[in-house]
Amino acid sequence: MSLVNFTTREITCKIVYYGPGRSGKTTNLQYVYSQVPNDRKGRMVSLATQTDRTLFFDFLPLDLGTISGFATKFQLYTVPGQVYYNATRKLVLQGADGVVFVADSQVRQLDENIESLQNLQVNILEQGIDARTLPMVLQFNKQDLPRELILSPEELDEALNFRSLQTFPADALHGVGVFETLKGVAADVLRRLSQGGVGARRI
Amino acid sequence: MADDVRSLTAALARDPSSLRYADLAESLRRRGQRDEALRVALHGLARHPRHADGHDVLARIYSDLGDLDRAQLAWGKVLELAPEHPGALKGVAFVRFRQGDARAAVEALERALAIDPSDEAAQRALESMRRDAPMADLPTAELPTAELPTPVAPVPAPPVPAAASPEAGAGSAGAARPSGAKARPAVFSGFDRATADILLLDERGLVLAGGLLAPNGADVSEVAAAGLAGVSGEAARTAQHLALGGWRTIVAEAESANLVVAPVGSGALLLVRRDRSMPVGLALRFAERARGTASTWLEGQGA
Amino acid sequence: MSAPGADRPGSGAAAAPPARSGPGSSAADELARALDRISRVRGMRGSMWVSADDGLPVAQLLMEGVPGRAVAALAASLVRKVSGSAGAVGAGRVRFVQMEAAGGTLLVALAPPDLLVVALADGRVNVGLARLEMMRAAAAVAR
Amino acid sequence: MTTTVVEPWAEQPLLRYVTESSARLVVLMTPAGQVLAQHGWARAVDLMAASALGAAIVAASGALAQQIGERGFGALFHAGERHGIHLASCATPRGALIVLTVFGKETSIGLVDLFYDEFAAALRRAAPAEQLREPVLAEDFEADLNRSLSTLFQR
């Protein structure tokens, strides 16, 4: 749940980038890191394997600036995508205020996307949270690849977006759609804070 | 600022055991109300003898009052409790500089910077010390710094740094001078080695009477006293946590001597050092006699 | 990494294993036997081996209600402070420390470089005997 | 020394713990790694990263405990050349909280762990129950958000 300090008027929110292996979650964070001026970001921490695959998580603290009179900070996390890292995925997901699901647009990755999305639902449910109340957006990454290799945003929407979530086509490697995705999830998360309550509804 | 003092006073009134006393003392000090600040700090430290920040404020107050010896002792206490306390390291640098020991001042600042390289006050102080005053000749110059705990009103530097005050102890933090025993109240006259092996100190680690000489004849009373105040605090805490009631004596058998430490009256502490050859039981009896003498003397002092 | 919580009172680790003798007995048995001998001194409420730097119990034999972790942590801290002072007054390395208080006595023998033998006793304890057993135990493991 | 307190009820227990244990840095945080209160030499440490990693270690060791049939571990610590860390999680009416303690050679893991127990008990007494929250942000926050993000990404 977002942490609100009424004395210093600060808000801290945790955003988790979820999705199958190699869909571009870490790339999203790296692009954000590369674009943001130094005084608005903390150190990026990556717990990765020797082959640069995320082992536990990547972490990037971000200072959004003042919103409605509150200094607003976001902590961005990624989860490891490979199926066998589910235990660590669950840990990183704990206490998330919002989720970005990064899907791989390649045709041959469709099953992995679906499997990861189902895994996300299960993991959210295991925390006793109603998935429908957790702010979430979908990013269709790698839309820059040749048309014959990928599914269009419409096709992906049809296949993955059962909850009518906001979707964002992206090419994270070159920064296309990264900013829009972050803005989309930030708006969803902050909207909850303008409505009151204790965050995602517990079941 | 006045509101600051008012709100802190109110907070302290609500919870007298609060550590906010240190903030209140600091606010008072900054307003120049040094005596009030001193009272608040000492009162708070009586409750929280191991509160490093409290000792740090106390040191600043002493420094403002021009009592560099006590300031140095208080900062020594801070560093004993929190060896990397940047405020205390800068404070020690300030005192050392004022005492004419530029090398020690630079060392303290370098240590502060090693712990926190971004400490701008320490950086500036170090830079200007190196620029304005080469290491070799820095006898009594002011420490050129903006944010170190400088006194509100400038205090004249002591003319001869180390040998000045015989009672309060100018060089407590390790300055053992081979000058032999110093003139202190002859409380233990009649006892064996009364000014070489028996030491009476107060709860802040300041020497009251007696004396302690190193094998080479150097007077180590002040070093010993500063360290022993820590032992006393630790003993009190241990006894309290283990529900043992008040502690009476600590006996330490070491390679070349046996030491007996005992509280005397309220807050004073006695150290007796005896040769290894004397049985521990005898050393304890000897210490017990010295304690009686010290206690009578302290009562006579109105302590 | 280790879990100090594992040796908290009530977790079952408070009692030393029964004393065994003869060849092939482990170092842990040696430590336990020493505690057993110390505990026979009249007035003894508990004794323990403590890691000097960490202030954590290594092995302990305590009567009900003796706060082992507190004894270990505080005794190690006290010894450290006393050793510092002894060094400062030129007394050399400390080998044994006893603190007498109104409600009991805390005894510590140093077994350099890593261990302490710590004992907590009530006012009736024969300090001389306890000291002998503790110094003997310390000498047996000291390097 | 700096103190940061997001939730005021935590301040007194925290200061007391720091004083008693002679720790250099104590961070009180949620299981998600968000800092509730902090006291110590924070400038020497990247507090955000340290909290995220501390929370992760506690979460991982908790999960590992379940794997071997334990309900959880009490506390864990690492000893280094100059500094050690003590990490533990405690249940309070405010929910589970994690405490990261960084300490130096002037104290010991035994003392830190001893006084941590008192700290955890004080936290349990002082923590308020989680409450329903009034709306925090104004409803027209989106204009602010757009402006903030545009500045952030220099667009």
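Letters A, B, C and D mark the chains as written, and numbering starts fresh at 1 in each.
Going forward, a contact is a pair of C-beta atoms (placed from the backbone, for glycine too) under 8 Å apart; a residue touches a chain by one contact, two chains touch by 3 or more.
Here the structure is a predicted model, which is why all the values come from computation and not from measurement.
Asks: Taking contacts as defined above, which has more of them, B-C or C-D?
Replies: B-C
Asks: Can you identify the chain nearest the overall CA centroid, using each chain's own CA centroid?
Replies: D
Asks: Quick one: report the Å distance separating chain A from chain B, using the average Cα coordinate of each chain.
Replies: 55
Asks: On a C-alpha centroid basis, what's the spacing between chain C and chain D, in Å?
Replies: 34
Asks: Would you kindly tell me how far, in whole Å, the mean C-alpha position of chain C lies from that of chain A?
Replies: Whole-Å distance between the two chain centres: 54.
Asks: List, in ascending order, every residue of chain A touching at least 2 other chains.
Replies: In chain A, no residue touches two or more other chains.
Asks: Would you give the residues of chain C that are in contact with at least 2 other chains, written as numbers and ranges?
Replies: 70, 74, 77
Asks: What positions in chain B touch 2 or more of the other chains?
Replies: 241
Asks: Provide the full list of chain pairs in touch.
Replies: Listed in label order, the chain pairs in contact are A-D, B-C, B-D, C-D.
Asks: In the complex, go through chain C and note every residue touching chain D.
Replies: My answer: residues 1-6, 8, 50-51, 53-56, 69-70, 72-74, 76-77, 80.
Asks: In the complex formed with chain B, which residues of chain D make contact?
Replies: My answer: residues 1, 12, 15-16, 19-20, 22, 24, 41, 43-44, 104-106, 114.
Asks: In their shared complex, at which residues does chain C touch chain B?
Replies: 67, 70-71, 74-75, 77-78, 81-86, 88-104, 106, 120
Asks: Sort out for me which residues of chain D touch chain A in the complex.
Replies: Spelled out, the residues of chain D in touch with chain A are 5-8, 30-36, 46, 48-49, 52-53, 56, 59-60, 63, 130-142, 144-149, 151-155.
Asks: Which positions of chain B touch chain C when the two form their complex?
Replies: 212, 214-215, 220, 223-224, 227-228, 230-231, 234-235, 237-239, 241-259, 271, 273
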